[in-house]
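Order as written gives the chain letters A, B, C and D; numbering starts at 1 within each chain.
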Amino acid sequence: MVTAMATQIDVTVLLFASLREMAGTDRVALRLPAATPVGAVWGHLPEPIRSTPPPAALRYALNDRWIAPGTPMSGGDRVALILPVSGG
Amino acid sequence: MVTAMATQIDVTVLLFASLREMAGTDRVALRLPAATPVGAVWGHLPEPIRSTPPPAALRYALNDRWIAPGTPMSGGDRVALILPVSGG
Amino acid sequence: MPAVTLTHDPLSVDALIASVAGPEHGGIAVFIGTTRREADRLEVVALEYEAYEELARAELEAVASEAEALGARVAVAHRLGRVPVGEASVAIVAAAGHRPAAFAACRLAIDEAKRRVPIWKRAVHADGTTVWKDGLSAPVS
Amino acid sequence: MPAVTLTHDPLSVDALIASVAGPEHGGIAVFIGTTRREADRLEVVALEYEAYEELARAELEAVASEAEALGARVAVAHRLGRVPVGEASVAIVAAAGHRPAAFAACRLAIDEAKRRVPIWKRAVHADGTTVWKDGLSAPVS
């Protein structure tokens, strides 16, 4: 029986609008356990974001495509947090 | 008992589009009995118009305002014959 | 009174937009009708428009006022004379606080203008023949 | 692929119209969204737009393609950065054979663009305060 290694992956989280302002940067590098779902990144973001509850309408993109929050991440992935949009 | 005089009036008929082309002019002067209704002018227009049946959708304007065909004309009136429109 | 233009010159959409734009407006809907290269039997190279100008102007003002009653500012321009394929014969601009009123006013104005304003067109074909679109004529050369 | 533009420069409606116009089109519907001088509590002097550019471009292309499926040619331009009151933040042009398809495509494109394209704006008030319209923030200075 082979024991699974607790592999770590490096991912980038892209932030926009008020999330970007709250973080003071438009991207955050995170080292997380392999296969962490995209929906789990919120709790790893810098304060004051992670103390704020994620809005129910938050959506996600993985490598510039819409993705469900349960999707597991791989090393090198770029995750974007999409707040309710207001273009137009 | 006073006998009504057979008073004549002079009116101008404005023609547009294919009516104008058929008449070879954009206005026709007519001398008609007083109080002739606007709807009666068609039969007094030059050939080949008066031999053509007036289209059911023909409308009328009197002195630049829409008018019902039964309206009687007075001297100096300008009657316009409005074929189905096709602007836009 | 809404702005209504009848002109033999090419239409400027930008100028029409500028004539109704304002800081209180968030949405502007525009319709532009252009000469289409139809080909039922014969290719159309241009349309020629003729108006009963006095009544056409009054009727376009009435149409634009009805459209403005939907909550927009409206301007209308219609070109007369020859309009080659690809050029604009009519332009309608409706500016409102938000887009639903802008779209509704623009659509009402073009629909009513086409239905009731005394302007007629004839098609000019590639072979030089013309045909009036007025419900009466057969093709005339 | 429909033409999609994201730009920090002022939008040219005439250029956008020219990009889709053609001899087979008889009707062109345009929507222009402009910065409105709102005043709920504070007067708005500008809006500032920020995009997730890669996905915004892809999503605008998808929206425009869906609108084109209604029978029109569609072009979309969205401005980024600061857009003062009265200037255009978005312009959508839909050209079709006749006006119903043009209006339907234009309306679908702006409605879907506003619903799902990852672009956000913040209001800039006369007193210098700003507030993001992203469902999250309270006013920040």
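In this section, a contact is a pair of C-beta atoms (placed from the backbone, for glycine too) under 8 Å apart; a residue touches a chain by one contact, two chains touch by 3 or more.
Since we're looking at a predicted model, the values are computed, not measured.
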Chains in contact with chain B and also with chain D, listed by label, are C
Leaving chain C out, group the remaining chains by who still touches whom. A, D | B
Farthest CA centroid from chain D: chain B
Whole-angstrom distance, CA centroid of chain B to CA centroid of chain C, is 27
Please work out the Cα centroid separation of chain C and chain D, and write it as a whole number of Å. 25
Compute the distance, rounded to whole Å, between the mean C-alpha positions of chain A and chain C. 51
So which bits of chain B are touching at least two other chains? none
Within chain D, the set of residues that touch 2 or more other chains is 33, 110
Chain pairs that touch, by label, are A-D, B-C, C-D
What residues on chain D touch chain A, complex-wise? 33, 49-52, 54-56, 58, 78, 89-90, 110, 113-122, 132-137, 140
List the residues on chain A that touch chain D in their complex, please. 14, 16-21, 52, 55, 57, 61, 64-66, 80, 82-88
Can you name the residues of chain D that touch chain C in the complex? 13-14, 17, 21-37, 85-86, 97, 99, 102-103, 106-107, 110
